[in-house]
Amino acid sequence: MDFNELIGLEIVDVSEDEVVGRIVIDDRHLQPYGIVHGGVFCTMIETLASYGAATWAMSQGMFGAVGVHNSTDFIRSCRGGEVTARATPVHRGRSQQLWEVTVRGGDGRMVARGQVRLHNLTEPSPIGG
Amino acid sequence: MDFNELIGLEIVDVSEDEVVGRIVIDDRHLQPYGIVHGGVFCTMIETLASYGAATWAMSQGMFGAVGVHNSTDFIRSCRGGEVTARATPVHRGRSQQLWEVTVRGGDGRMVARGQVRLHNLTEPSPIGG
Amino acid sequence: MDFNELIGLEIVDVSEDEVVGRIVIDDRHLQPYGIVHGGVFCTMIETLASYGAATWAMSQGMFGAVGVHNSTDFIRSCRGGEVTARATPVHRGRSQQLWEVTVRGGDGRMVARGQVRLHNLTEPSPIGG
Amino acid sequence: MDFNELIGLEIVDVSEDEVVGRIVIDDRHLQPYGIVHGGVFCTMIETLASYGAATWAMSQGMFGAVGVHNSTDFIRSCRGGEVTARATPVHRGRSQQLWEVTVRGGDGRMVARGQVRLHNLTEPSPIGG
């Protein structure tokens, strides 16, 4: 079990141009006030951006991409239901990428929005063991 | 079980001036490259800042504080061991607070660093059901 | 002369839904490497977001809006020509707004992109003398 | 005249471990509300971080450093006097650096605070003409 499985993040669609994922919220995702913990949204945003960036990097002959900065804004509080996130690229460059991700509740309203800056891996396993 | 319990975040110390927390890393915290998922660090940073800000807000007669922005930098990749985070206030104002959080691995080296902007809750349950 | 005049920022269009501005780059906008100083883009982004947010706030019976956070990414370096920025709202709430701004060079390519979080002024002159 | 001269930014001290700069505020630095324009603080933060990062990069045999992301928080509004900024490194790595900068007014209180992520230039003139 990895962190995406732990939090119940389901990846619905992945390409180098768009990634979509969703979580069905339950008590495990809440913080003490009874609303979804901000870290759930940061994590969705990080994962989706990383999948998109890695997919694009590999399509260019590189070995992947790893996030260096995650900036997430919490727009509306959310108490339950299904939240869906969609990642799209802002910039895909030789050494870095920038992806934007929006997260919406079951009613379609934006609950969070973030961006992730990623560093392209141009050599095999630079972060490997 | 809430989100902090789900990810195994233990709060070691809380005051209005400092919050310390830690996670013992295991496979559940990793992403597909085998390193700790960035969302784990975002979540630690979010929780610790929120606990400190809420503690200060309540000491001032307010009802708590809720994060509106989380900005996290990933400094070094981390594969295991214990990671410890420490939050301190940058600014504690009438309507908003800004807290900074550093996360260090078992060897004391910084693995992530972030800041959270929080909105003070000046009325009971403004985010309540 | 105010700061927008000092740097030669011309506001082309302002509404509560969109703000457009431009600068004709000359030597005064460069940093020592001969490229446009990042602060020029941060400033464009700050001004345009502020104008849009203040226009919307006033349309709602509030007294304006003031920036609390500016996050700007530098996408491509730029050496001259005309740069045009366009601001649009991400979220316009009761107490805060979030605006996104893209800056493009004369060839239409994105050179910078940022977002500004603003605090609505619900009372006259809260920042006044 | 470059952008730092245009805005009257005086660099007081530069080393690979710390950079200090200041501006004596006058009408040219203000925005329409009569307070210092946020772009002035973003610019100070960008310049000081860049000078420190370039100094360190060159001490390591590299050719300089260029900012890729500037994140600035505005803490208190400021109407005049002298503002002083101080930059210190958070992380200085092989490919990227992260510097933090605080800006204080004449009374010593923090007015703004930001961080800049910079990309090290490992080859001569990669951004050159």
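Assorted remarks:
A, B, C and D are the chain letters, set down in written order, and residue numbers restart from 1 in every chain.
Here, a contact is a pair of C-beta atoms (placed from the backbone, for glycine too) under 8 Å apart; a residue touches a chain by one contact, two chains touch by 3 or more.
The shown structure was predicted, so the numbers you read here are calculated from the model rather than taken from an experiment.
Ranked by how far their CA centres sit from the centre of subunit D, the chains are topped by A.
Note on interfaces B-C and A-B: more C-beta pairs are in contact across A-B. Rounded to whole angstrom, the centroid-to-centroid distance between subunit A and subunit C, based on C-alpha atoms, equals 27 Å. Centre-to-centre separation between subunit B and subunit C, using Cα means, comes to 30 Å. Each chain gets a centre from the mean of its Cα atoms; for subunit A and subunit B, those two points are 19 Å apart.
Across the assembly, subunit D contributes residues 68-69, 71, 73, 117 that each touch 2 or more other chains. The touching residues of subunit C, when paired with subunit B in their complex, are 68-69, 71, 95-96, 117, 119. Contact residues on subunit B toward subunit D in their complex (touch as defined above): 71, 73, 75, 90-91, 93, 98, 110, 113, 115, 117.
Residues of subunit A that touch subunit B in their complex: 1-7, 27-35, 37-40, 42-44, 46-47, 50, 64, 66-74, 77, 79, 127-129.
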